[in-house]
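Labels for the chains are A, B, C, D and E, by order of writing; each one numbers its residues from 1.
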Amino acid sequence: MDPSGVFPTSYRSDRRLIRTRWQFLALVVFMALLLLAPYLVSSRIIAILNMMMISAVIAVGLQICTGYAGQINLGQAAFMGVGAYTASILASKTGLTFLLTIPLAGLSAALFGFLFGLTAARIKGFYLALTTIAAQFLFHFAVLNLPSTWLGGSNGITVPPAELFGQRFVSESSQFYLNFAVTAIMVAGAFGIVRSRFGRAFVAVRDDDVAAGIMGINVAATKANAFLIGAFYAGVGGALWAYLIRFVGVDQFTLFHSIFFVAMIIVGGMGSIVGALIGVFIIRIIQEIIATVGPNIADSVSFLGGDIVFAGMNVVLGGVIALFMILEPKGLMHRWNILKSSYRIWPFPY
Amino acid sequence: MTTNNGHVSSPLAVRGATLKFGGVTALDDVSISVADDELLAIIGPNGAGKTSLLNVTAGFYRPQKGRVELSGQDVTGLRVDQIARRGLARTFQGTHLFAGQTVVENIMIGRHMLMKSNVVQAFFQFGPVMREESEHREAAEEIIDFLEIEAIRNRPVGTLGYGLRKRVDLGRALAQEPSILLMDEPMAGMNSEEKEDLARFILDVREARKIPVVLVEHDMGVVMDLADRIVVLDFGRVIAEGTPEEIQKDPAVIKAYLG
Amino acid sequence: MTYQSNRGLRGLLAAAALAAAATMPLKAQAEETYNLALLSDFSGPYADIMPILAGGREAVFTWWNETRGKELGVTLNYKNYETRYDAAQVASLWPGIKSELDPIAVVGLGGPDVAALSERLPEDKIPMFMATAAYGFAWQPDAWIFNPRPTYSHESVGFLNWMREQRGGDEPLKVAILASEASPAYVDMAKGLELYAEEHPEEIDLVEVIYTEVQPTDLTGQMRRVVRAGAEALVIQTNTSIVVAAKRGLQANGANIPIMMSSHNGLPASGGALGGLEQMEGDFEAYGMAIAADEDTPARQFYETLVADYGLEAPWNVVTAMGVSQGLYTVTVIDHAIEANGAEGLTGEMVREALFAKPITTEETHGFLPTLSFTPEAPFPLEGLKVNVGTVKDGKITIAATGVDVPQVEKW
Amino acid sequence: MVYFINDIITGALIGLLYSLVAMGFVVIYRASKVFNFAQGELVIIGGFIVWFTTMQAGLSLWLSIPLSLVLAGLVGYAIERIFLTKLIGESVFSMVMVTVGLLILLRGLVLLVFGPAVRPFPIIFPLKPLFLGDMLIPMNLLIGGIITIVAAVGLSWFFNRTRSGLRMTAVAEDHVVASSMGISVKGSIAVAWVLGAILSTIGAMIFLSGKSLTFLASDIGFAALPVALFAGLESIGGLILAGIIIGIAQSLTTNYLDPLIGGSLGSVVPYIIMLAILLIRPTGLFGWRTIERV
Amino acid sequence: MTMLELNNVEVTYSDVILALKGVSMTVRAGQCVALLGGNGAGKSTTLKAISGTLKSEDGTVSAGSIVLDGTPIQNMEASEVVKNGLIHVMEGRRVLRHLTSEQNLIVGGHMVPNSAELKKRLDHVYTLMPRLADLRNRTSGFMSGGEQQLLLIGRAMMASPKIIAIDEPSLGLAPMMIRDVYEVLKQLKSEGTTFFLVEQNSAAALSIADYAYVMENGRIVMDGPADKLADNEDIKEFYLGVTASGERKSYRDIKHYRRRKRWLG
């Protein structure tokens, strides 16, 4: 619902994401602040932002696959791993520039995701969700058991830093700009996809696949596409991860990581790109708080025993996720939308 | 239009369809064909196979025997979406609308198969995608105008009343620019006012768009008034076929259905 | 809070606050202060041993500050960072560690630290000192991450050769390995030993390599295969749960093949998990570090000093030994660096150079570690490697052998 | 040959253990339509309860086993009350997602309450295996297998024949319809969780008897998952067959294929079988077919 | 004796949207009361407010009271409402698709104390609807729409409620089937069951109802004895589809933009 006084005058303007001057101004300020962040905040904050942006790319992909197309995906970390491995191998063995390795990483993850998506032609509902766990185990098994010259086996792969015009992306702030650029493109692209015929087809398949079929939407292909796009995002995120950490190993992409990505979109709200970003922010912030505050608490109350403090922190993290589900099962975005609409129609409740 | 086996091809023909599941014969050698610009009504008791016939036609079920032809083209065994792309649209008993989406979005989903842009273009949102979106949006708005649902354009369909939902359902089917329209009990659950509205729209559709319509309906008033021809099914078999006047007098129909 | 009354709690809090206030100015008075970043895992898979390990290494730093540090006019500050054993967390912590602490060395804990920092430390010119044995995949020249012990495979090979000598005869020793694919590190341990056995068929005959889960359902069948193959030793360097399952599997088969374990799943841990050390009678633990046996060794004496004078609360066990060893060789390297460069202006790079410049003698580490001679060729000493062997005798942990030579192992 | 048969028998028995753990999934699914991702965590909570009553409180087995089952039931009930009751009426999807949060939360709680140390688990079933000629069969698995079969027969009778069972089935079909018929959805889900927690505790006893206990043991949840999907999420009886097939396949792979490839194919074989069967029968061997009315 | 009473009931969805705006009505024991009205008028919402199934759609009764046989039931759990004697037969023929017809009935009788009583009630259902007896082992998801509707009524009977609230029993049924369903309802009414009937098919509803309410836009706009309403001009035109002269006009002759609702003024 628009605030009063805003009337679109063409179909194109009706499609716009940014509808008021204030929204535009807020976005400009936000982007400017982000761009200037390396000059404004400490490198620790920049490092956190780096991690958040990479998670954001992956979570946005998961949001498209799960939130929009309704395909619960517990293999997102494996898809991320495929991307990370692809980028690492290309960068370390062929010396390809990151301008190519990142999209190629996305594509190879997309292919892997698509293979699992194809099973959606037959398998539905929880059965499908749970088969994506198999992606996780198969990825782990393949990396460890294929000849180690292929995927590095148990050794992992060392990745040279991203490089452009002789400029090596090794410092936090240079990596920040790399991540920022890629994340901005990916998030903008996600908005494009969800507002296009593909986004509508995803929602159609999610809400009612019988009706979607009669609309001429190939349901199985659409589901497979959702996995493909979701995995593409995971792959790009994985490539960014590879360039950030510059060492990939199979234990960086576990089922637990996948579960956390799901938790992110749960907290933010299903079916909203902004929701995915909010979810990433909240979960990552909680994790960082645990890592930062934890040792201090453990030090100052050493008689409590550090382990109790930290176990307590895990409880907080799990509890936050569970609480979100209980109190706001539709996610934070939903609460925000209700607030917004009740504010706009206030004081008349209908 | 003629097919290779010589006879005049109709927009839709079902030839000798037989469908069984779990020991029950839902359709037993059913043949129907629809003429250009014709409104064919299918009636019959519950469980007679009307919905099964629609489902076979639309590709939800594959008949064990028989064929389905669209404008002379054999579409038996094709997927639902493939048949839809060959020009068949359908509205549902109850509604299978996308409840969380607005009216415009629902109708735009109907345009999906007519749009051409690919994922990469959608991702970068450049030129052709934007133009295409605007074009199809215009077509969608025309349908909204036609069905007089401008006021609810941006309301989520789930918040609408049943009658309006049925209208959106029709709009979504029209958005596909079909060459044949199947309607499964469009009048169910409507009061006479809403029935009158929808009847008017069905007549308008035929007038303005010249689309042949297959109508499955229980409301005899509607069927007798609107249909050009009526097919009566019972126990999966065609027991009568003819003009409304003929059907009303047919003793077999009266026994099985009208009572 | 069963053991302390509420009042006691409050008292402790007050005491802690006082102590904190008292130590602050003291630290500031030192002439030169250098920082160490301690990476910890209080909430991940190593949460069970972390408090003890942390206690061990921190006690060493306290001891050093009050003895050698005072002499040299240097104070080592340290700060614990929680990594949750997650590479992403390490990566996001690291820039903060660098800017806020500017450490001259990092005291690391495990795989994620290595993964996240292996490419960054050379850029930032800060060395990292680990507590555990090394891995084959970290065996690269020009390292910035160091282990006081060789790889797990080195340690098992050293032990197996010792065992073959004990047995006597010319036949190769028949050995089985229990590994797991749950972690690439576990795979690496098996691969090193496999390669050695392949290249030295006259020494080791690897009869079975079995992969299992980190918490196996049942190993009776697998253990029967091991028994039927006539294995004389079973190497399990993975985790405690697998040792327990294997032991039960052997017991079901009525066999008693000696199991060799490593430091992190050693005799006390596995014995505890089995419900009694006496069940581990005749089994071994072997690693390149002092055995925490109930015997009067230099290491034990140093431990007692730490307990008596430097506030160490951890019990005398292998985890404490690991923490103390890590602390000891870290401070010794720094000590060497100060000797070479003076107390002022010490950098991480100097610390690393000091590591290569001069061996760390076993005296300097109070017998916790053998004499270590690092070279730029590997992240661990390639020469003069030794392992110690502990065993259970009459229900008590005893030292079976010290200073067992480790043969030359090729890189895999 | 004897060893080959022995491997098959042991494999089948391990498979039955998976069936038992999978039964926890299925019971909760069957009575509430909620797929519980935290099933492995229920197993370790059950394990810790058993550990606490025996090793810590020092009760005899005859006392501690029933007590543990009661306590586990209470834990299941508490989880349902705290986390799921408020979500009744929300989409099933939300309820499933809350179990994802539960997975992380329960792990933290286990660490908080019991600490991260590896604990010795009491010897509940005789350590001495059963000797059949040259074959030896672990007692815990043998007795566990029998318990599993009894539980499966009993529970499938309960769900398909008794009125309480049908009542729970109705809840699984449709929460709204069930409550419109006066069935307490809350009550049904509570019973499901109590049953699920009790089954998990029995599973923990068989799985861990005489071994050690850490939170790593929750992995059994994901090991049992393929069995549940293979059988179909609504089928309790089918779990037996699915467990036996998957167990034997895994055992043969571990014993005869893994040594050849030098890897751990055995750990992924259940997932490969599951994928294959689901591609042929999308709702498992015995799951409810989707009845779609267009 | 008053069986069910609604006093000034308001219903809000998502704390924001007001769907019922002060609805009051009364159902007396043994009566059949029909609730008529256009789609979206609030009929189903009223029914859900009574039966307690609103919650699943994020709705609450925000004002007023609903009293069932002396017990206030507004915002009560759906299962508790049933225990108080009201059973809600939902629209959309929501049978338990994977269960057989007889299993559906048994679930309906889940509160029956003993199996003898259960048997008795099953027999009662089967004598009233012999068709269900023939289909007792058929998976209900595969039954035809009419059979499913009968099954739902049978399932409600199994609980032997004081009052059955039934939503659109004729929806999507062939004329003969509608007659069959209403025959069963009449039979039940003659046995003393109270009905609260929400129906689009006003002609059928008024044929069985004693009293009827007409709803528009979340409000009651008209009420009266069924026979009186059946004679009302507006009801005839909008709900029964007959003109003032009593003749049905052809759908082909309908013109657009013609009508307005007189009672809304």
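Quick note on the criterion: contacts are C-beta pairs under 8 Å (C-beta built on N, C-alpha and C of every residue); 3 or more make two chains touch, one makes a residue touch a chain.
This is a predicted model, so every value here is computed, not measured.
With A-C and C-D as the two chain pairs, more C-beta contacts join A-C. Among the other chains, B has the CA centre that is most remote from the centre of chain D. Once the centre of each chain is set as its mean CA position, chain A and chain E turn out to be 47 Å apart.
Once the centre of each chain is set as its mean CA position, chain D and chain E turn out to be 43 Å apart.
With centres taken as mean Cα positions, chain E sits 74 Å from chain C. Computed centre separation for the pair chain A/chain D is 32 angstrom, with centres defined by C-alpha atoms. For chain C, residues that reach two or more other chains under the stated contact definition are 43, 47-48, 181. Shown for chain A are the residues in touch with two or more other chains, namely 141, 144-145, 210, 307, 310-311, 313-314. Listed for chain E are residues 17, 139, 142, each touching two or more other chains.
Those residues of chain D that touch chain E in the complex are listed here as 89-90, 163-164, 166-167, 169-170, 173-177, 179-187, 234, 288, 291, 293. Of all residues in chain C, those touching chain A in their complex are 4, 9, 12-13, 16, 20, 40, 42-43, 47-48, 50-51, 54, 79-84, 87-89, 91-96, 98-100, 111-112, 114-116, 118-120, 123, 136-137, 181, 183-185, 187-188, 191. Chain C meets chain D in the complex at residues 43, 47-48, 180-181, 194, 208-215, 217-218, 220-222, 224-225, 239-241, 244-245, 248, 251-253, 269, 272-276. On the side of chain B, the complex with chain E involves touching residues 21-22, 24, 43-48, 93-94, 159-164, 185, 188-196, 199-200, 203, 218, 220-222, 225-226, 257-259. Listing the residues of chain A that touch chain D in their complex gives 72, 119, 122-124, 126-127, 129-131, 133-134, 137-138, 141, 144-145, 210, 255, 259, 262-263, 266, 270, 307-308, 310-327, 329-330.
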